[in-house]
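Please find the structures below.
Two complexes are shown next, each including chain A; its partner changes from chain B in the first to chain C in the second.
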Partner chain A sequence: MTGRKLTWPLAFVLFGALIVSLFPVFWIVMTAIKPPTDWNASPAIWIPSHPTLINFKTLFDPDSIRAYGVGGVSQAATNSVFGSLLASVVGTALSVAIGLFAAIGISRYANGGKATPLIILSGRMFPPAAIAVPFVIIYSNVGLIDTYRGLIAIYVAGTLPFSTWMLKSFVDDLPREIEEAAMIDGRSRLMAHVFVTIPLIRGGLLATTLFVFILNWSEFMFALVLSYSNVTTIPVQLARYVTATAGTLYGVQAALAVLAMIPLVLAGLLIQSHLARGMTFGAVKR
Partner chain B sequence: MTFPKLEIVNLRKLFGNESFVALDGVDFAVEAGETVALLGPSGCGKSTTLNIIVGLEQPTSGDIRIDGRSVIGIPPGKRNVGLVFQDYAVFTHMTVFENLAFGLIIRGRAKAEIARAVHDVAELLGMQNSLKLSAAELGGSELQRVAIGRTLVTKPAILLLDEPLSNLEASARIAMRRELRRLQSEIGLTIIYVTHDQVEALCLADRIAVMNAGKLQQIERTSVICKKPDHVFVAGFMGSPPMNLLRGEIIGDGTSAGFRRDGLIIRLPSSEAFATNYVGQPIILGLRPESLTLAAANEATICGKVAVVEPRGPEAVVTVEAGTVSLKAVVPTAERPQEGADIGLLADPSSFVFFSGETGRRLAS
Partner chain C sequence: MNELSELRVASEVSDLAREDAQGVTAPRSSLPSNRLGQLLMLPGQIVSLLVLVVPLVVAFYMSFTDWTPTHGSLLEATLVGLDNYKELLIYDTRFVEAVVRTLLISAVCLALEFVFGLSLAVLFLREFRGKAILFSAFLTPMMILPVVVGYTFWMLFQSNGPINQLLMLAFGSGAGLQWFRSAPLAVSAVIITEVWHWTPLFFLILLSGLNAIPENPVRAAVILGATPRQVFWRIVLPMLKPVIIVAFVIRAMEIVKLFDEVFMLTRGGPGTSTETISLYIYKLAFADFQLAYGAAAAFLVLLGTLVLIHLLLAPIRNQLLEARR
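Moving on to the complex of A and B:
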């Protein structure tokens, strides 16, 4: 960062941007601690006078909200948290691992010819809604519907173009000589990548991992159409709190949303020093 | 200690479905302890030659021999050849010490031995105090020193340098050049040095190899190559300014001979070969700018008008227009003529070099 002065107009713009980006977070957190009477009050209640944890309790004990005279969802959110964690973590790990090797292969050895990167990207050229129904049919026929395997597979396939292209840009920016130098010093081709390429793009690797994780963690449509009762994720569960049969459990929905934010905020904080550089998409200092 | 000798035997390298010829029959040998500079324009195959010697690329045909033994098929780490890259290729995620120790750690040397070797190299390069720094904190010339040190620490039999100084600023480049000279004499390595900077080549090399379009044009002792180029390409490439090349023909009557280009006629030293063999043939006459001196009009070989005068410290480069010919001469700055003045140039016939107008090869005289 260059030492640019914080002038009044700049401060004003930054403050405005801060309000726009933080207000939804503020509202969700406030709603999560409001009792049912305050959820939908008019005029709006900004900060509840009687904060409560009943919404969080309802997530894991669905009937507890009935004490407030509102209808409930019969299913606890526990399954969805487990489902989201499993599908996102495994899906992200596989996607980044495959993407890393694909990126090195494309960038260093032009494996598969010039068209490979475009072919990998082509999967993202369809609107997901257009391929959702065919996937339901395919998954039903091969027995992958309503399974974690099936969900993980679609998450890996869906995010692989991102992980490959992002990582490719980082590998492209790394001078090839640095791996050749390691080879001249006695490393094999593969080990030169393991001990030199990968450590040198670790900022980009972390940024890519977080980005792919966010995509998977917030994915809604495929989780909805490819699952029935066995498999569920947080975004699907969120939708269940506001339906014709369950009523409008805004507070409970907000509580689950707050829980869903926590891993992302934590991950962001932990790796933010790497992110600042990684998110500039491959600007390695030469 | 005996150093190995390196032989490059009829090296050919084709790229891209064999459509691009990067190297076309390159063939030369480097004696133990000798420094050879590879010179040539961009894309002439200098770097490809180094990559094949070190083993990063495989030749399409031909052989690389170290100590008389072929090393084709031996991986780069096992050839005992070091390569220093133009872009440093220092591992910025490691400290200076870790960088210098890298090759020895891979070779599985004992800790104490590594520490001693790294210390020795650091002392040689004047970097004892920087060992604990992260390589990311270093500046250009320090990075290049780490890159050279990392190669030297493994005690390679042959050291290849690929434009090692061209990313440095002028003052650092001169300092590093001096340092390389010192290393050269202290360690006595066999070195192949790729550069596009002729001063660097003249300063560091015992012999200079000039390449063009994948072919080795000439390999010759540094002191000779500027005066006796084998080919018009070498003549037009070496030196600053390079040799004046005049295209014309030989005229002669059987006893005396001359060179004619439009209205310009230069009398040649009497030689039977010229008077008989080359008469009427297209020819290129090479005149070194340093061999042209200012002269009075009645003594001059060539008369013309001064177009440009470029003083360069003690010497000035004078561009003279004579009819359709433009010549450069190097004269002492104190004696430089005015721009636009009429002057005469005296050429020393013993320095004349002749090339065939058809093949570009130097003709025996």
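Moving on to the complex of A and C:
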């Protein structure tokens, strides 16, 4: 299978695919460092001759772009960055904690049978738009609309299938005999899990945490429909920038997009070897 | 050889492969059932029921009313029987079109993602320098959030954007296209965006599958005189089948929910020509505030999803639960 050398025509194909795969990233980064005069130039400018960080500064201090003769950035993105961090970090922590319990439960105990893991998994398949309609009604009746508590609850529920199944696959990899040995040494079942199972899957725990963080940070639709004025996240803010200005503030929008993407690409590269496992709920392990 | 048993590729393929797989997962004694097991699963069960059952019940009740946000409490709304469903299924061509469109876009995207992902994965079986870096580079698209992907491609497809620039460079100054003004072009833009975003997932899953294929049957076939093409079609591809199914199921689950990218790219336009199921329900409920009608649509979609879940999970259910046995 492996071992054959790459021939020149194939290398050329690979190079072409590489360009296609990285060009959009190149474009958004270049747009983010364009000064206002280059934003909407026709023909488009590929690499700005005077790169600047003004777009990033404008995100947190909307008035600073006025020096370039551009008005119309009405909102700072500060709240949305704060909102994204709060909702994603807390949502991820809770999701991974509940997922860890469930993962150990599913992997080590017969309670719940085969139904529980599949019920948890099916939560991922419901289209958010369909769930959002009843949720908005419920939330407006119980006062959770436009609150971070409400958004975080959705994030926990939405990523639970991934945290449960990904962690389950790591627990499954661990021989049960290790815990049994600890129990023979006098630890209770619970203590065996706390002191043996969990430390032994800490790498998997970290990978799952980052993976769930990626999912929560990317979430758009629920943040869009459940938030009005208090709650915003970066994706919602980006959508607002695009509508509010009829899409002409390219540089500032791109700067926010780049800001949103940096932590995800870093986290993604860190857990690269676990991505397949995460995306397939543990069905593919490497 | 561990991956082999995990992927369960061995069974129908060849005796050599079966030999390799033997003894890797010895059958485990049955799992205990006790209060700790129950307690551990309880929070997850509660959360799942809240997310699955409550929306279903509320959407179901609402769908028989004419409730809108100005009506006050949901319980005071007038019951209208099956009116919403009649309207949806018989008169609302926009809903039916959105369903068909979503399925068509999904089918085209999955086919393209599979072909590109598999080709790329096969290229990665060759030896070359910088493989690790290229691997990361090819995975990058799937790490980017959908909203940003949608926004980025919206920029790329602008009439004075780089894609038109390249088209004009290649085919003359008249070759620039108004991507968001014609239905077929807008649908193509959505498909191109989706395929760019998610081909890496197929690449990733298929490459791990290819790497897990044992050397022995391949070597045996080569010794017996098989050409590389025969080896690929007759041995590699059949052994890859379970992994291919996993990739398709996982992607199908996600793409039928398609929303973020389309929202940023076209908002469903021009007209309703790129409207997906999710986008239509979103517009119904949160732009036109027809929440009861939206709930009926949501309930139908939830029911449809339940059926789809059942069909999609059937081929990989055992693969997912395998480790428990």
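The criterion applied here is as follows: the second predicted complex is superposed on the first by the 231 of 286 C-alpha atoms of A that agree within 3 Å, B and C clash if a C-alpha of one lies under 4 Å from a C-alpha of the other, contacts with A are read in each partner's own complex, and residues count from 1 in each chain.
In this text, contacts are C-beta pairs under 8 Å (C-beta built on N, C-alpha and C of every residue); 3 or more make two chains touch, one makes a residue touch a chain.
Being a predicted model, the structure only gives us computed values, none of them experimental.
S.K.: Hey, is it chain B or chain C that touches more of chain A?
M.R.: In the superposed model, C touches more residues of chain A.
S.K.: Just to be sure I read the superposition right, which of the two partners does A:214 touch: chain B = first, chain C = second, or both, or neither?
M.R.: Second partner only.
S.K.: Check the residue A:184 against both partner chains and state whether it touches chain B (first), chain C (second), both, or neither.
M.R.: In the superposed model, A:184 contacts chain B only, not chain C.
S.K.: Per the contact definition in the header, classify A:67: touching chain B only (first), chain C only (second), both, or neither.
M.R.: A:67 sits against neither chain B nor chain C.
S.K.: Taking the superposition on A as described, I'd like to know which of chain B and chain C A:196 touches: first, second, both or neither.
M.R.: first
S.K.: Quick check for you: in the superposed arrangement, does A:264 touch first (chain B), second (chain C), both or neither?
M.R.: The answer is second: A:264 touches chain C but not chain B.
S.K.: After lining up the shared chain so the two structures overlap, which partner does A:19 touch, if you call chain B first and chain C second: first, second, both or neither?
M.R.: In the superposed model, A:19 contacts neither chain B nor chain C.
S.K.: On chain A, what residues does chain B touch that chain C touches as well?
M.R.: 285-286.
S.K.: Under the stated contact criterion, what part of chain A meets chain B in this complex?
M.R.: 175, 177-178, 180-188, 196, 199-200, 202, 285-286
S.K.: Going by the contact rule at the top, pick out the chain C residues touching chain A in the complex.
M.R.: 3, 6-7, 28, 30-34, 36-45, 47-52, 54-56, 58-59, 62, 69, 73-74, 116, 120, 123, 125-128, 134-149, 151-156, 158, 160-162, 165, 196, 200-201, 204-205, 208-213, 215, 218, 236, 243, 246-247, 250, 253, 256-257, 259-260, 263-264, 277-279, 281-282, 285-286, 291, 294-295, 297-299, 301-302, 305-306, 308-309, 312-313, 316-317, 319-321, 323-324
S.K.: What residues on chain A touch chain C, complex-wise?
M.R.: 1-6, 10-11, 13-14, 17-18, 20-25, 27-28, 31, 40-44, 46, 98-99, 101-102, 104-112, 114, 116-138, 140-141, 156-158, 160, 164-165, 168-169, 172-173, 176, 189-190, 214, 217-218, 220-221, 224-225, 235, 238-239, 242, 247, 250, 253-254, 257, 260-261, 264-265, 267-269, 272, 275-276, 279-286
S.K.: Which residues, counting only chain B, touch chain A once they are in their complex?
M.R.: Touching chain A from chain B are residues 54-56, 75-78, 81-83, 85-87, 89-93, 102-103, 106-107, 136, 147, 150-151, 154.
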